[in-house]
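Just so it is clear, A, B and C label the chains in written order, and each chain counts residues from 1 on its own.
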Amino acid sequence: MDWQALILSLELATITLLVLLPIGLWIGRWLAYTSFKGKALAEATVVLPLVLPPTVLGYYLLVSLGAGSPLGSWVLDAFDIRLTFNFLGLLIASVVFNVPFMVQPIQRAFEAIPANLSEAAAVSGLSGLQTFLRVELPLVWPGLLSAMVLTFVHTLGEFGVVLMVGGSIPGETKTIAVSIYDKVQAFDFASADQMALFLLLMSLLAVAASFFAAARMVKTR
Amino acid sequence: MTVAEGKLRRGALCVQLEQSWPMPLNGEFSCEAGELLALVGPSGTGKTSMLRCLAGLMTPELGKVEVGEKIWLDTDRGVCLPPQQRHVGMVFQNYALMPHLNALDNVALALLHLPMTERRERASQWLEHVRLSRDQFARRPAQLSGGQQQRVAVARALAREPKLLLLDEPFSAVDQMNRQGLYDLLADLRRELNIPIVLVTHDLVEARHLADSMVLMDNGKVLQQGKPEQIYRSPRNARVADIVGIQNRFQGVWRGPRNAKDQTDNAGWLEWADGNGQPSGVLMRVRDKGRLSVGQPVTWVIHGDGLHLRHEEGNDDSQSGFGDVELMTTVVSRKVLGDITIAQCKVEELFGVSLCLFRSGPQRRILSDGETLSVRVQTEWVHVMPTRAAQD
Amino acid sequence: MKILKSLVLVCTVLFGAAANAQSQSIPTVAAASDLKFAIEEVAQEFTKSTGQQLRLVFGSSGNFYSQILQGAPFHLFMSADESFVFKLADAGKTIDRGRLYAFGRIGILVPKGSPLKADGSLKDLAAALKDGRLKRFAIANPDHAPYGKRAREALQSVGIWESIRPSLVYGENISQAAQFATSGSTDGGIIAYSLALAPQVARLGDFALIPEGSHERLAQRMVLMRDAPKAAREFYNYLSTPKAQAIMVRYGFEMPKQ
């Protein structure tokens, strides 16, 4: 078991979750509640990372954020910060790649709230924030949980993008999935077995948690 | 018309709206405190939108909403209070109860301005007030019947002691059996609350039963406001007659007053047109409202109360000063709807004209197929409207 | 909600910056995959004697070349050939033109139970092609792995390159090629001598060296990058010490004449 890689993966998954949660909540709620002319396009953009091959995403990230790119070199010169081949680069890639996993379950959860509930809340004197905390959140928390769990586990297992954008630098960008790949090449099958099993169990737990959450959704109709 | 103009009492509701997009809304009406106003019309004619404008859930292009002396909406002055600031209570279609809260907490949700302990106390008082039994308090909406959910919704709407109560087809999802109890509840609340109550319904029977005043809407437009009997007796035009379901609607030609006595009595002569629209020669002396010109084609209606059967007469003393018309009719078809029998009676002298008679109770027996009946048309019940080419 | 979002973003950037700063202090070595076992041992010895930690990343030389061009933060590049080093030097990424540190060898590996024989002259391989014994054969990707390129040259030298091509399986680097060759899903492959000598690999099959004359010499060159910290330079120098070189020789590398 490559503990350094495991800890790195857990860090990456946790921080991705923290960054993406407010973004996902905001976008998911917005998409659920509003309709506007380009909505289909916006939804397609959200889903895009799901169908995009990881290497395509990795390629574009590399090309747009790497030290050779206009953005990348500017950031490097101005702040001495790199956007690729380090944890920050992985984080950016991870956040982009997990958007559909976070936004979709949340959007579905908000869509499932009958429209007149927030109206009833408004008429009963609740402010926007109170409505969100007392009416919406208690009804969407299963979707939220599902989104969080899926995002976390998906990040743990991310491989293609991580390899392209991160290289395989131990302690920096060598996540557990990359480590498994590396161990196999190093003929260390014992370690590879351990880590693969760990990821398998995590994935199973995630799916179970997701189903549990779905069952707990309060029937609103 | 505003409260300030003195025509309405304190606490009344005055509404004036105008909008063309995204959907047409047009008209004005008012409702006194302690009065129940029924907003009726076919589905999709903007009744719910009207209600939403009153609640603050929708803002019309142009409009004014005043409750009591408070201005809730005035597009001219840029005033538009959000629902939270309006002190309005609303009972939604399908109740809109929070599924994750029990009955008590649902009502308590409207009382967040109170401390926690007081909230629950007040909430249970209101639930008792709407006659929900104590053992239902801890139940979630999914575990309550339609009627019980409706009571919780009413309690929630009233908990904040609103200045205006709105009900959007509140009984449409409740079965017949439970409706009576809710009607009684509403009647009691009306007496004690002394606020204007606006009820949206497409059920005319319900509207006639509950309302002090009725507002008819069609295609977003307010067509007529008045007491229910008023509207049924004197619908403003053919469309209104359609909406409230007046069956006895006929065509005619206005002949105007004939002599001095007609002038003093405010009467005029109406010639009944037959099924082909041709003048039939059957003339009736009816009320003249002074709005018609001689020879003008008109549409006219007569309330069922103005059609008497010879068989039933005897002690009847409703001889009107207008001069009535007697017609021989034959029952050609019958519909039995529960306690009421509706019969189409073909008129002998008029080609293609039938009168629609309603009877309930033992008198129904008269209306048997093929039966010949003599009908006295009490012409003071006749209401004449100008015929317009298009829908009014 | 918006405030929360920007707060998290700011924290992330700061975190990233901090992580960046930290990463710059530990020397990172990008080493060709054939050096996997050898350099791990050398690095261990280095850390033991100097107390300095190293970060080792293994992969194909061509891949590292691209990554370095894109700004990957490696400090020392140990390539399996010389051309990549020269190209980087020409691009101005390095402090000098580096140093030749070893000569490598390739050989054929056949896993246990394979129908092939460990014949370094590749005559058996040619025969296996003809009589249909050969289904799949692994080499490293010739486009960016030097060991793959040499394998191609060796196969070309015995004239079987075109005929074996349809049966080839390409490893992303020489380690992966070795993994394919021993996995049992191929009949064998051409891998690095240094990998074949590692016990984990050796016990999985039989190995035979391919004569050096059948391909261009595997001249392995390393170079320090512009912003390399002092510790990286120390390791660079350590690699020429007798102790380090002894380890390399044990893994089948030939040391260049001083």
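FYI, a residue touches a chain if its C-beta (ideal position, glycine included) is under 8 Å from a C-beta of that chain, and two chains touch if they have at least 3 such contacts.
No experiment lies behind these values; they were computed from the predicted model shown.
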Notebook entry, point to check: Comparing centres built from CA atoms, which chain ends up most distant from subunit C?
Noted result: B
Check: For which chain is the distance between its Cα centroid and the global protein Cα centroid smallest?
Finding: A
Checklist line | Whole-Å separation of chain centres (CA-atom averages), subunit A against subunit C | finding: 34
Next item on the list: Could you please state the distance in Å, as a whole number, between where the Cα atoms of subunit A are centred and where those of subunit B are centred?
Entry: 55
Margin query: Report the inter-centroid distance (CA atoms only) between subunit B and subunit C in whole Å.
Written below: 88
Margin query: Using the touch definition from the top, which residues of subunit A touch two or more other chains?
Written below: none
Checklist line | subunit B partner contacts - residues on subunit A that touch it in the complex | finding: 114, 116-117, 119-127, 130, 134-135, 138-139, 218-220
Margin query: For the complex, give me every residue of subunit A touching subunit C.
Written below: 15, 18-19, 22-23, 25-26, 62, 66-68, 72, 76, 79-82, 84-88, 91, 167-172, 174, 182, 184-188
Item checked: Of all residues in subunit B, those that touch subunit A in their complex -> 55-57, 82-84, 86, 88-90, 92-94, 96-100, 109-110, 112-113, 142, 156-157, 159-160
Note to self: Which stretch or stretches of subunit C touch subunit A in the complex?
What the structure shows: 1, 4-5, 8-9, 12-13, 15-17, 19-20, 23, 26, 28, 33, 36, 55-59, 67, 69-73, 173, 175-176, 178-179, 182, 198, 200-201, 204
